[in-house]
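Structure provided below as structure tokens; questions to follow.
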């Protein structure tokens, strides 16, 4: 299992979120409270958008807590939209091509969870990836295959629908192979403009996921907190577990739900896997 | 492109062959003479047999020339049969799961060369891998896919035939996709008892490959060389390029040929890719 | 802080001790129970003796738990005397030259603990290292400086005395610089024939250290345990924390004590730092 | 030996200089023409200034040519003043703390060359480092010791004088120890505002060093080159070897010379090591 953080809002230094909070993602790399493991030391990654259309991605195979380059990059990189991920491998190799976020053109994708019995159904899943995308798969994780399946099923046009079709497909393949609970996931994806976050598992007992309260509400609740004056109204953070203990800041994403972070009003909707029977032979 | 060395004979310290010769494999990692590149610095690997049935494999992502662990292992490991490989990536990621030799059960496999347009025909090749083997592919190289195709086509029962079928299949897929010269390879494989070495390319202009003259002949040619008294009669080395300049030691493997290193008489035969039409849909 | 294991006895596969026990050193790399940190993921090392006089050393900068090369080496290396160490950095860089065990000629050295305010007194300590040894210091840890000070103070001739002088010297330098409790340590060292293990701290509240009960006694206590029939009478293990819960197997090394593991009778003695006034200018 | 590049001028993307030119620094990592070795694959580093006072430093232990993170950082980082270095180790460990540029507060330092017999005189050189600076030395290279000696001798106040004193001191220590030609160096250092580049060796046969012709002159010589319209008048590049073959662009720094790159007129002066007799006991 893993931990991740997705940020959208006023441009911030990455280190302000990755290192500064009491229970920052770096702290979670050694002392996660809500994960299956307390340690997330099997590599890490950050992906951020700046001037360019395609995001930058920096990944490392060592633990995040001791990586000096990550600290340097975080202290000198300012971005209005970035993803960060710390990995706890469930068996696949510790290598950069298995580190999240994964990138395809302007899209980023990161995941916490797993596909059950992935080793046995991997081939069936990969065969369903669009042939024109297949060659871009570089690593060996279930997470990356989920990304390319979502791209195959229309991520660029209809992100929630594509993820619902991907999950429906994985569940169908899993069930046909006798797997009880085929998928467990919290997922974030973005095109650099909007962000989508998903919480779902076949057993309806999903990994933890939290989103930050709207800045306007927080300013009313904590009128004396100067930090809240510095961030823009549309700032939003989605995280595997809260970054601190300030009351009223963190809200659990409900089971089987996805959210959209965007200009204007953010949204939250039920997540319903779609049957994708036609793909099954 | 890459360089490799395969050894079979009296047990030797790995360092005697990897570090000691004038133009050792370590020297070739910086100063290859016959390769496409002089530098082979994109990872390395050694695989060796000892008491156990399955071989040990040690791989690293840095250049071999500066790896201290490789030097330690080589100075303390004695083996009667081992493979060593230094890698020059043709684009795929530098990571341990892309380093040769690849292992499946008691088999090792290493390769110098490439499948042309691999990115585009990778899916078609991988789909042909036996479903029960598919999940064991960990890296992203053409070399590993060639290994799993050979396993699919019967490597364990008939190594030369399986490799001929694998090459025939790759050539058929390539040609159907408009690739002129689909494959370029020198390959070594072993089950820990016998060793097979292949030199072939679709254009019949293959990467260099050499084998050592029989020890008995060498003793007659160089009666004063004490080193030759220490090695057993059946000792044989196959290498991408000669380890030194001693006259009479190194012989070029002919174009489109494979050799078998085994107890008793070694053999050399023409290599003829087999059409594997039935696998193509 | 760190965890370590020292083994002396019948030749064993390293994996039998590093991976197999319920609370093996690999398990301790993620779930240490008695250390300051539960995670020891900042590199690792093993050093072992075999045929050669000088030991082999294999070190890595990633966490031990996910290192595939360590698993390979451990599964194929048999030794009658070896050291293994997993590191939790107290701030110095995560790099191979900071991984234990350190080696000088036929000697190995590993350490759990720290020198207080090392950054500030490092120069004074290093200047006391014998000039002929100074150039061999490769890393930046307090542990390596302790080793070279012990070598300077006669480790090769009188290991307990040399370590007592080293500790006396570090305490004197520390105290002169206003450091309350200058040293905290459990240390193991060996010349490949005998092994010495030390438990000491200036505050007399030292890190945990355990040694295994003699095999003869264990056979009487556990007459039905077949594993005990396979190991020789002189087998002894010293560890930062017990490898399992079998009653009667593990004994705490008393505070301010050192032990000698050797052919014949093992020994245990009080550890008394020696004033080394003459070295202080 | 190594290769390096120092840039000062209009803010540019790092990749424009590290990857784009025909004989870029990345190309030099595999195909250096003027170095002792053609391969510079033992780690790399970049240091750059942006908004912050202290520079960012990103370093890696693998070869620059295959490092994906370097490519990402270079494609997304814009800076008016940066250093880049590719390393060919002369024996010291391949680790980040041995990668250039070295940093102390707002200063960067990088070096190509070596101190002869460094292993033997290292202690004498390190003892001369200011005690308040000693603890900041993290690696094991001669280059880093040169930096801390220069800081000790006044780099922050008088860079050319400090480097002349450092070299004078190294030569005195070397000669007293029977070393014929104690130092060989091209060095660049900067405080983020000005840049100093040095070419010197005790044998007066120094490693290659080149500086770019002034932009104004280049515009006159190449009136049709649109790239020259995009860079500011004060842009200057100093490199171990030219980045391309355009006539009139690259000028050799004369033997025993240093240059100052600064706002207003750049300068070039003779470099004369200063005797630093008082430091020698």
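Each chain carries a letter (A, B, C and D) given by its place in the written order, and its residues are counted from 1.
Here is the rule we go by: a residue touches a chain if its C-beta (ideal position, glycine included) is under 8 Å from a C-beta of that chain, and two chains touch if they have at least 3 such contacts.
Computed from a prediction, not measured in an experiment: that's the story for all the values here.
Asker: More than half overlap in residue numbers between the two sides of the subunit A-subunit B interface, or less? Answer same or different.
Answerer: Subunit A vs subunit B: same; shared/all numbers exceeds half.
Asker: Using the average of all C-alpha atoms in each chain as its centre, how far is it in Å between subunit A and subunit C?
Answerer: Between these chains, centre-to-centre, one finds 41 Å.
Asker: Pull out every residue in subunit A that's touching 2 or more other chains.
Answerer: 68, 93, 96
Asker: Just say which it is for the chain contacts: an open line, a closed ring, a star, complete, or other.
Answerer: Its topology is that of a complete graph.
Asker: Residue numbers of subunit D touching subunit B in their complex, please.
Answerer: Going through subunit D, the ones touching subunit B are 30, 37-39, 41-42, 61-63, 66, 68, 89, 93-94.
Asker: Could you pull out which subunit C residues touch subunit D in their complex?
Answerer: Going by the criterion above, the answer is residues 92-93, 95-97, 119-120, 122-123, 126-127, 129, 131, 134-135, 137-140.
Asker: Subunit B touches which residues of subunit C in the complex?
Answerer: Answer in residue numbers: 50, 52, 56-60, 68-69, 72-73, 75-76, 96.
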